[in-house]
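See the structures that follow.
Here come two complexes built around chain A, the first alongside chain B, the second alongside chain C.
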Partner chain A sequence: MSSIGTGYDLTTTTFSPDGKIFQVDYAQKAIDNSGTAIGIRCKDGVVLGVEKLVISKMLVEGSNRRIFSCDLHAGIATSGLAADGRQIVNRARAEAANFKNFFGDAIPGEVLCDRIASYKHLFTLYGTRPYGVGTLLAVYDEEGPQLYQIEASGVGMRYFGTAVGKGRQGAKTEIERLKLSEMTCREGVLAVAKIIYQVHDDAKDKAFELELSWVCDESQRRHERVPADLHATAETAAKAALEDDDDD
Partner chain B sequence: MIPAPQKHSYALGPGVVAPAMHPEYGRAIQELNNVNYPKAGGQPFVVDAGHGVGGPHQHTQYPYVTGTSVLALKYKDGIMVACDTLGSYGSTKRYKSMERMKPVGKFTLIGASGEYSDFHYIMKLLDELTTDDYCHDDGQNLTPTEIYNYLTRVMYNRRNKFDPLWNSLVVGGFHNGESFLGTVGMVGTCYTDSHVATGFGAHLARPLFREKQYDDMSEDEARALLEDGLRVCYYRDKNSINKFQIAKVTAEGSTISEPYALITEWGYEAFVNPAAAAVGTW
Partner chain C sequence: MSRGSGAGYDHHITVFSPEGRLFQVEYAFKAVKAAGFTSIGVRGKDSVCVVTQKKIPDKLIDPSSVTRLFKITKFIGILVTGMMADAKSLISKARQTAADFRHSNGYEIPVDYLAKVIADQAQVYTQHAYMRPLGVASILFAIDEELGPQLFKTDPAGYYVGYKATAAGAKEQEAVNFLEKKMKSDPSLSYDETVQAAIAALQSVLSEDFKATEIEVGVVRAGDDTMFKVLPVEEVEDHLTAISERD
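Let's turn to the complex of A and B:
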């Protein structure tokens, strides 16, 4: 970061003289330090993938999830502070349930994105500190499959493909090379797995677990974990691709 | 009670009284609503006029659109449930294509007789429950027994509030290689059995089931027996129509058939002059 706080970073209620809210910048930093999460929108759905860094070898496999469902048709991948992420997911679930209760229909992606964004934004105005979470939101509603990213600042935007966390730069360049509009989610899963393996920094972080989920026609427009067999093929293909690169 | 209006506005038609036309009537409503009326203009439209004056809500305590019997039995592969598709408005055959069976979660199916909007409400509760369960994503799914127990608690809780959900429910399910069949009444009465039926079905169809149902019966046998039950109900229950659906819950999940009609026979002697054997009727 170019400038440091010098007294303007103690609360979100104060701007710095050059127009920054430092607490928000710091929250963003927390996100940038965590394992990569990427999302792509293919022609028949959305795929989410997370590089979940394993803190301890003694953790049970599948612990500390970073991909969650918040309704049948909507899923969230988080990066940043894990506990903050779960809080955001809880809020998203409540919003989705409340919308369904009130309007009798599933919450549209746009609305859910907006609600999460507004919620995060509140914490850049009042309260204790902003949420240190970057959120990728995958929804399949009547409008079709959609991918959103909501930042710590409360900005929510719709994307064809995006990434957050440590490896975001590399991941974004790789996503740009994909022909997303011609890709099915089945192919998308392979691509996502490959990118996550590619951007993983072996030198700094040792072990990681790959988390994959999708909402697509194949999953009956439900957000769910990618089936075990596809997950396995994606993972082996990604590893193989990585070794090929190393050989070159 | 609001006194019955004795005169009506010629402009508005019979049964509708402008407040000015009948001071007594206007005053009665005013007292019931306990509100201050504007000096001019019409009076507000009142639903459930008794509310807030003499006690609790009344309009939820009587069924409006209802469905009749649901029949269900165990067979070799799971559970089979059947009912007609009629929504009666009192004794008017008001809605003829209402689905009264709905799947819940992966392993369960619910059939409902009684008030249809209460059934909607129950389905909404279960929908929230299953969505919550889905989001947990822990490899555990709501089992038929759990859903059944939940429903017994909901129904009993509502009867304790003197505001019962006006339904009799059938819960059928298949989970872990075992079939489940139970019924819950509107006051929380519940039991499980190899065959159940709600409403008239308990009197008309269950005697047949007692005689012929066994847990290892084939799908065809089960269907034939259920159709016999439906037919008997249709003959004797005036609030039913010849448009039925049959649903199965098996290891493969639940399927609900398209509506279809049964072949009926009205030439029986007992039907020709039904009063002949019943002295004192006409």
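Let's turn to the complex of A and C:
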């Protein structure tokens, strides 16, 4: 059986003879080819980091963000097709606002994950193409901090730590080494920055901007960009660690 | 969108092939197998037990968020096998159906009727060319007020029927062979025998001895409390021990 589509990959509404939906697999490939995004759940919150590949020196720093807030207590890092990513974030924001309006309370992480997942899943059923987006969802609700990953297929799961994009294999290996249940978010920010710098492929992609965000006790359980000083410290430490490795 | 008529499209959309086959539906069945899990259900004289593997592919996944055993209502449980995103969609619809029924009619939806509704929806997907079938086989179970323990399976073709014992997924055929031998004499299984039969069947077809944390077990029992329950690890442990002592 061919693993390239050859005719079974034209629409989302077609199963291949092996029972795969190639359009969904291809959407996943779009995500796998984009810049790395990482999320880790520490003992007091969740940290998100994105390797934002910069295609032109003329781009203003801090524009074209890939980390968004969907509510005070929830944030999303997108990887894959940026325009698709914005649609997912819009939907997540609408779901969160709707929930608040209807139930009078902040949307729980599990519920928001399910809503995003079932929304993405819709697009794997009918005539449109699937969303080429991998979503990392960080939430801090009454159950504590949670990290979810929702794939292009609409499958959402809760993680201790995860990575999507080009450098995900290397990043996941590094994340597995961390003792996440003992780490604070401050330490987590440094770890995430270090890992992103590590998996960034200098040969293939040159410049990149590091986006970092967190939702933790220190940020009063609000999803925010990491404070500028901590961000700077993390980047310096990450660059230094890379040079140390080069020296070895 | 590809046209319905013309050579070759019978493999691509849900139209008949010249031999009268629906290839897309057959491929949907393959998707259920391709997921790599096996699920088993056994009906006893006053209980029903379903069991399946719990395989977490990635150490970084939080295992408490991964399950294929869900509650449709307090009394009806469902075990899904196949594509998880499709399964969640099916479960969501089933929950809505059950809740609407309870609201409109004032009593709990019977599990055979729910299975019919799910199956009818699946059939619609096999007839409309612009939709694809869901790659899910669902095993539904409950204690019916009038009929006692009930076990149903629905599949991507829109077929559903009640079973004494059934299986779905990667090792479906091997499991069915094992269960046929077990149920041949039409035994009247007690609760413990039902649970142990289901677990033993899974162990046999997968040729491995499980730890209690590697399987999920769901039950319903006749009596005062007919609610769907997921067995806690200690109880699963007890059943596993009973099975190994028997052998």
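Just so we're on the same page, the second predicted complex is superposed on the first by the 246 of 248 C-alpha atoms of A that agree within 3 Å, B and C clash if a C-alpha of one lies under 4 Å from a C-alpha of the other, contacts with A are read in each partner's own complex, and residues count from 1 in each chain.
One rule holds in what follows: a contact is a pair of C-beta atoms (placed from the backbone, for glycine too) under 8 Å apart; a residue touches a chain by one contact, two chains touch by 3 or more.
Worth saying up front: this structure is predicted, and the values here are computed from it rather than measured.
After superposition onto chain A, partners chain B and chain C are found to sit side by side with no clash. Of the two partner chains, chain C is the only one touched by A:Tyr8; chain B is not.
Contacts of A:Arg158 after superposition on the shared chain: chain C is touched, whereas chain B is not. Rounded in steps of 10, the angle chain B-chain A-chain C defined by Cα centres in the superposition reads 90°. Legend: residue contacts after superposition of the two complexes on their common chain; A:Cys70 is shown touching chain B, with no touch to chain C.
Chain A has more of its residues touched by C than by the other of chain B and chain C.
Using the contact criterion defined above for the overlaid structures, shared-chain residue A:Glu176 touches chain C, although it does not reach chain B. Between chain B and chain C the least C-alpha distance in the superposed model amounts to 18 Å. Touching of chain A by both chain B and chain C, each in its own complex, is seen for no residue at all.
Chain B meets chain A in the complex at residues 124, 127-128, 131-132, 134-135, 137. On chain C, the positions that touch chain A within their shared complex are 1-2, 8, 11-13, 23-24, 27-34, 58-62, 64-66, 83-86, 88-89, 92, 130-133, 135. Considering their complex, residues 68-72, 93, 97, 100-101, 222, 224-225 of chain A touch chain B. By the touch criterion given at the top, residues 7-8, 10-21, 110, 114, 117-118, 120-122, 124-127, 148, 153-155, 157-162, 172, 175-176 of chain A touch chain C in their complex.
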